[in-house]
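So that we are looking at the same thing, I have put the structure below in C-alpha cells.
Here the chain labels run A, B and C in written order, and each chain numbers its own residues starting at 1.
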C-alpha cells in the first residue's frame, strides 16, 4: 500500500493554498480533478481588498469544500481577504472524489501551481515517495515516510508530537529545497511554490500510470503512400 | 421367522459404514449471521468420515468419533471504528520565510467499514446414535440409520489457532487503510478477543451441526421388485421377486452384537 | 452362537424363499424348462428352446418335446414325502417336478369318414389335452399327431457353487432320480436314465446369484457355503 499524492487531484489529506497579492475579484470553479480547468462557469469568488501586502503579515482563510452529488461546493461562495493573504481549500470528506480549484486567472489553479501558492499533503502510509512536476518543469523530490514507534506509550506520544510539526519544501524555478525530506507516518509536508511556470507536485507512480501504454494509441487517420499505416 | 436373513457383525458394520459415510459426499451451506461483533456472510462445507461402530441392541448403531472435516469461507464486515481509537491529523502550522505562517486544518480520520474475506477449516468429532428406520417409499425399500438427537460437537485444539488466524487475516486485509499501520497489531488482538474461541464455536456449531444431526445413513436401498437377474436377451427377460417385507434390528447373538436385516419375498 | 460365527457376514434363505426365487426364474424364462424339435418348437423364444429332431433312418427325424413343471425344492430335513427309493440326507435337497414328454407320431392321411373315432373329421393333429395349442394343429411344420405322457419325477441332489455372469451363484446338482408309477422296472430304469440326464441338464441352467439370496443387503464374498442347513441355505463370508 502506498499513498499516491497529486496536487492536481486534491483529497482529504491535501490542501491547496493560494496567496492573492493584488486587489481585485478572482472568480473560480471547483470541479473534478483533470477537468476543472475546462469549466466555463466560475461561480465562486475571492475578493481581494486593500493595498499591497505587508511583509510577514499574511492572514489565512480556510474554504471548506464539500461534495454535493457530482458537484463540489465551498462553504462560502464569496471570500473576502486582504491583499497578501492566503486562501486555503480543503475537503474533509474522505469519500469525496478528487477535486481541483480552477480560477479564471492563470495564476490561480491547483492544477498548475504558480507563484505564491502551495500544496500540503499528510502522508498516511509509510514508504519512499518520489515526486515530480507532471507538467515537465523538472522539479523533483523525495519524501521518505517512516513508521512510528508504536510499541510504547512514549513512542506513541512522540509520534503524536511529530505529527504536529509540518515539513516545508520550497519550490522555485523547478528546484525543490530541500529535495529530500524524512517524515513520520501522519506528518504533513507543505510544498510552497515561490515561483514557477505552473507546476504540480505529483507522485511519480501517478505520472508513470498516466503514460500511454506502448501499442495503444489514439486513432490516427491512415495515410496513403509509403508512410501509410498497415 | 423371516425367509431371508442377512447379518453383519460389529467389525463388518464398521467397514460397511466406512463405505456408507464416504458415499454421503460433502455437504455445504451458506448464509449470513453474526460472528462476535461482526456481520458475516459465509459458505461452509463439511465431509463426514466414519468413527468406530458399536452395535447396541435392539435398534441402535452408535458411532463414536464420527469426524466432520469442515472448511469455511466467510466475509467479515468490520467497522474499524469499533476497534480503533478516533484519531486525526492535527493542524500543522509552518513558517514560510518572508511570507508568514500557513496552517493546514485538522483532518479527522474516519475508520472505514471493510469486508475481509477469511478462509479457515478444521474438524470436529461427535458421538452419534443412529436409530434404525425401515420404510417403503415410492417403490423402494429403505433401511436407514438416522442420527438421533443433536450431537455435541467436540472442537479440536486448532480452534484457537483459527481465531488467531482470523485476527491476523483481518490485520493483513486492512493494511491498505490510511494511518492504520501503528494500529494493526492492536487490531489483530482486538479482533481475536472480540471473537474468542467460544464465539467461533458458538457461531460454527449451529452451522455445521445440521451436517450431522438428522443425517440419514443408507443401510439398505432396493426396489420393491428386486431384480434377481437382469435381462440379457429377448428370450431372457429380467427376473424379479417381490420384497414383501423388510426388517432391521440389532441383535445380541452371543458373543456378538449383529446388525440383522430380514426380508420376506414372493415370486 | 452368533449368526456370523467367525465370519463377518451371514446370509440365510428359507426353502420357501428359495422356491420363490426358482419359481420367479422359471416363470420369467420358461424356456429353461421346455425343449423341443421344430414341429413342437418352431423357434426358440422365451417359452421354449428349440432343439434338433432325433435322427433316425426313414423317419425324416423324430419330432419331440420335453417340458418340466416348475421344480419344487425341499431342503433337508425332509418335509415333502419322497419315494422309498430315495432318502434325503444332511446337506441335500429333494426336487419334485412333472415332466411331460411328447413325440409326434404321424400317420397316413385318410378319409375322416373312415375313422369312427374322429366324428368331426379332424386329422387327429390336436393334442388331446391341449387342443388350443397352436403348436399342435395340422399345419405344415407343426406336430401332426403328438402323443404325450406326463411322469411324476423325484430327485435328490446337493448344492454347488458356481458363477453367473462372473458373480458367485448357487447351482443344483442331481444325485439320484426316481420315477413313480412306471412299470415294468426295466422300462422305469431306462426312463430314469433318460429323464435323469434331462433333469441334470435343466438344473444346470437354473442358477441363483448369491446377491439374490441376500436381496441386495450388504455384500458377501462367501467363504462358507452356500450350504444346506435345516430347511434353509446359508452362507457366511466377508464384506
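To be clear about the criterion, contacts are C-beta pairs under 8 Å (C-beta built on N, C-alpha and C of every residue); 3 or more make two chains touch, one makes a residue touch a chain.
Keep in mind that what you see is a predicted model, and the values were worked out from it rather than measured.
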Make each chain a node and each touching pair an edge, then name the shape: line, ring, star, complete, other.
line
Can you name the chain that lies farthest from chain B, using the mean of each chain's Cα atoms as its centre?
C
Between chain A and chain B, tell me the centre distance in angstrom, where each centre is the average of that chain's C-alpha atoms.
54
Averaging only over C-alpha atoms, locate the centres of chain B and chain C and give their separation in whole Å.
58
Between the Cα centroids of chain A and chain C the separation in whole angstrom comes to 106
Residues of chain A that touch two or more other chains sit at none
Could you tell me which residues belong to chain B and also touch two or more other chains?
none
Of all residues in chain C, those that touch chain B in their complex:
1-4, 7-14, 16-17, 19-21, 23-25, 27-29, 31, 44-46, 164-165, 208-209, 212-218, 220, 238-239
Chain B contacts chain C in the complex at 1-9, 11-12, 15-16, 220, 222, 226, 228-229, 232, 234-241, 243, 251, 253-256, 258, 260-261, 263-267
Chain B - residues contacting chain A, complex
89-105, 107-110, 112, 175-176, 178-179, 181-183, 185
Write out the stretch or stretches of chain A touching chain B in their complex.
1, 3, 12-13, 15, 17, 19, 55-58, 60, 62, 64, 86, 88, 90, 92, 94, 116, 118, 120, 122, 124-126, 147-148, 150, 156, 159-160, 163-168, 170, 185-188, 190, 192
